[in-house]
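Below are two complexes that have chain A in common, paired first with chain B and then with chain C.
Presenting the complex of A and B:
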């Protein structure tokens, strides 16, 4: 029993990061029915930008703020350049530009910084507290609470503000909400910005917690977070958080049962099982369209 | 000349193999309209199983004849890849559109993880020392044969059924086409050809790694199909050609441009520190290639084959 609890506690931090990235995938898919495969790279860019500002001497909060603005702008520009012109064409075209964009960002970072991993200037100490049989990293609990808080704020934003209502309306029915005067392009940009914001925060946490960042860090995290988004029900915010946490915890359970080499494939086994049994995901609403 | 031949041999083989793979995906993606983001998995399965056969099984059976060995390896690769394809397809083809793409993406990652954990084929380090079988000419001929086979296939009854399913499932069904079986058949065909490509890959490079089945390689295949034009068999070959050859050509850009850049730097128009940055940008071929892909997609989302069609239509109009 204590092993089980320990696995949950160990998996919560990485699960929170998956959740933060997954929200971006999920929100964009909710509006455009399009998987932004360059989203994992925003996570990586976030980590690099924060490092850049930190080495320039900015305090952590300012570095984070600037990085969010920078990566958010990059996300919006990417959408305008690479996805928007292809919106009316077949589904494949934006998918391919998204993948090409992700390759582009990875390689730009490799050229500008280095292909090797870099250490992070600011770290969160990994102090461990014992609670009975359990070892708890305070950092992990902090990350978890932060994620829940951010998700809560986002939920509040979506429900209480006009812009947030616009996002929800577009996700529900894009044609009807356009007729009601929701500015489509601006709302899509806002969605990309929010996704980038959360990805930057996740990237920064990853950098500060593991003390190393590398240009390809977004690939694996991005794919896993995508699996988490599908798992929870793609297009659903709470589903993304739940899916991320579920994935993180189940991966750490695999590690505790000494199956850690199978960890990377496991997320996708769950993904396929969920798609076959409950295609709308854990929390997604069932659609009338046959999937 | 011999230098050129030696240098171009590997790109040529890679082009032929990629073209076979692209055509195998073309049946699934362009022919039947099923978006598979895990197609590299099947060719990895084909490569691995055929390599396991030639390395471990064939010496025990005492097969010495190279031609027979290659033939048997091809059979093993095709059968295993198509079986893997069926295992994936039977449940997953019930999913539609994006959901199928998500599931097949997962398949690619799962296959990679499984081969990483099989120690007798080298684990994460990949399967080394696979015997060399086949020649560039043979692979090229196989590629041509498959291309003609595919063109013929689209003109048979089942080929029409496949395309009808792509264009409109409901109308196809009302004409008495069993959609599920048609999709299953095209998946079966696509994966078995992919297996064949895997056999040639493993036995010419004499190496195959579990990373081969990853998302990136599957996307390269989708790219080859879409760049050339989804609905065209020869378009896939053209797409493979672009993907292999263009990065090879990009390699020469710095040596062409650098003298001019140094001149510009001498005149003081650009700073000298720009040159190494320029070099590193162009020596990173993936970077330039990804930009090219974005540009190609933005200019012509339907692929290069559609340019041909437009040209043909114009010709027809002038004749009328």
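Presenting the complex of A and C:
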């Protein structure tokens, strides 16, 4: 029993980071009906920018703020130059540019910062508290609370502010919302910015916790977050959080039952099963499409 | 005017012809193309770059007007697929005589099978997996092999550290790690020790708490982690956070400055087997370390020294046969005997593996502490 509980505790920590990235995936999909495969690279860029500002001597909060602004701007620019011109084409075209964009960003970072892993000057200590046989890192509790808090704030933002309602309206029906005066381009940019914000926070947490960042760190994180988003019902925020946590916990279960070799495949097994059995995901609603 | 121009042309031609004759009479310069196939980008780029630095340093030191060496470098991006593509390009389109290929075992194995078919010799600086050279005529290496390294560490744990129980944390994505852990397992057991668990992790993992939870619970005397620094650094840090008291052991994948920068002190007290020790008293090692520090402003890792040795061995072989013919170089490589390398005296055995000692170092706050050097005859 204690093994089981421990696996849940470990999984929540990993899952929280998946969830933060998955939210960005889900939001962009909700609005544009397209999977931004370069989203994992925003997570990686975030980790690198924070690292850069920290080595320049900025305090942690300022480094994080600057990094969010920088990566947020990059996300908006990417959308404008790589996705927007293809918006009128079929859905495959922006998907392919997204893959290209992700490769491009990985390689730019490899050229600028070397392909080696770098370590952070500031770390989050991994002090643990024990509860009988069980133990939990204070850091992980913090990450979990932060994830829930951010998801809650986002929900609040979407429901209570005009800009947030614009995003919701757009997700519901893009043509109708345009007619009702929702500024389309600005709302799309805002969505990309929010996605980038969450990805930067996740990247920074991972960088400071594991003390190593490398140009390809976004690949795995991105895939897992994608699987989490689909699992939860892509386009649904709470679904993304739930999917992330579920994926994290099931992965840590596989490890503790000595099946860790299958761990990375598991995300894709889940992906396939969800698409076969419940394509709309755990929390997603089935949509009727009029043709 | 016309006459003048032609006369000038005539003189110029005459000069060029005579100088050509003089030059060729002076020395029959030997041209040889040496291919270099290393992971220069991707997850294991660190090892490739270090080896490349060593090769470049050795290249600079070669001062022979009769030998015109050309390096052709290919990047494997740390994947077996790109390694196979790279070796194909080097052999078919660049027509190299000999290749220094890959420091990562999985990629070296991919390249080796192709070079074997093409009958072009390759020399691996640091691929330690046993299968790299096994049964191959054209594949050589400069480093000791995993079966040796795993055995050395298991014996060290059982005899020097008096360990009775062990847990292995294996990198499931690497042939290198598998080789070390298998040999550690069998040797540790034959020494009367007990391996409580053989846990696996992936190179993509960023947190190892789930695996370390078992270590924390079972409290083995030693934990053997035959992995690469990127993951090992994080594992060591997390183990310290979880207050795990077991002694940590690893292979040569640990022996990089990056491990220290990731682990941030958690590596102290750990043991690693490696190819040489930078604070050796031998004059040739000292000279190498100094020259390397001067050129790259950092101290050389084991991979840098192995790259350096590999290139020197190839140059010596080309010298010996005075030819850039792949077949002849292969024969020379198989006859390398008592080559005075930075990483020890190198003699190729019948399986094309060098017979040379492994060094065991302990991580201490001020650097490494030399513990012991183990010769193949004694293991």
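Criterion: the second predicted complex is superposed on the first by the 288 of 291 C-alpha atoms of A that agree within 3 Å, B and C clash if a C-alpha of one lies under 4 Å from a C-alpha of the other, contacts with A are read in each partner's own complex, and residues count from 1 in each chain.
Here is the rule we use: contacts are C-beta pairs under 8 Å (C-beta built on N, C-alpha and C of every residue); 3 or more make two chains touch, one makes a residue touch a chain.
All figures in this text were calculated on a predicted structure; none of them were measured in a lab.
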{"item": "Chain B versus chain C as contact partner of A:33, first or second or both or neither", "value": "first"}
{"item": "Touched partner set for A:256, first chain B, second chain C, both or neither", "value": "second"}
{"item": "Partner chain in contact with A:214 - chain B first, chain C second, else both or neither", "value": "second"}
{"item": "Chain B versus chain C as contact partner of A:91, first or second or both or neither", "value": "first"}
{"item": "Touching partner for A:186 - first (chain B), second (chain C), both, neither", "value": "neither"}
{"item": "Which superposed partner A:108 touches (first chain B, second chain C, both, neither)", "value": "first"}
{"item": "Which of chain B and chain C A:173 touches, first, second, both or neither", "value": "neither"}
{"item": "Contacts on chain A seen with chain B and repeated with chain C across the two complexes", "value": "110, 261, 264"}
{"item": "Residues of chain C defined as touching chain A within the complex", "value": "40-43, 45-46, 49, 172, 197, 199-202, 204, 206-207, 209-211, 213-214, 216-217, 230, 233-234, 237-238, 241-243, 258, 261-262, 264"}
{"item": "Interface residues, chain B side, partner chain A - complex", "value": "29, 35, 91-92, 94-99, 101-103, 105-107, 109-110, 112-114, 116-117, 215-216, 219, 222-223, 226, 230, 277, 280-281, 284, 286-287, 289-291, 293-294, 297-298, 301-302"}
{"item": "Residues of chain A touching chain C in the complex", "value": "6-7, 10-11, 13-14, 110, 114-117, 119, 123, 125-128, 133, 135, 137, 206, 209-212, 214, 216-217, 220, 252, 255-256, 258, 260-261, 263-264"}
{"item": "Sites on chain A touched by chain B in the complex", "value": "33, 35, 81-82, 85-86, 89-93, 95-97, 99-101, 103-104, 106-108, 110-111, 219, 223, 226-227, 230, 261-262, 264-269, 271-272, 275-276, 279, 289-291"}
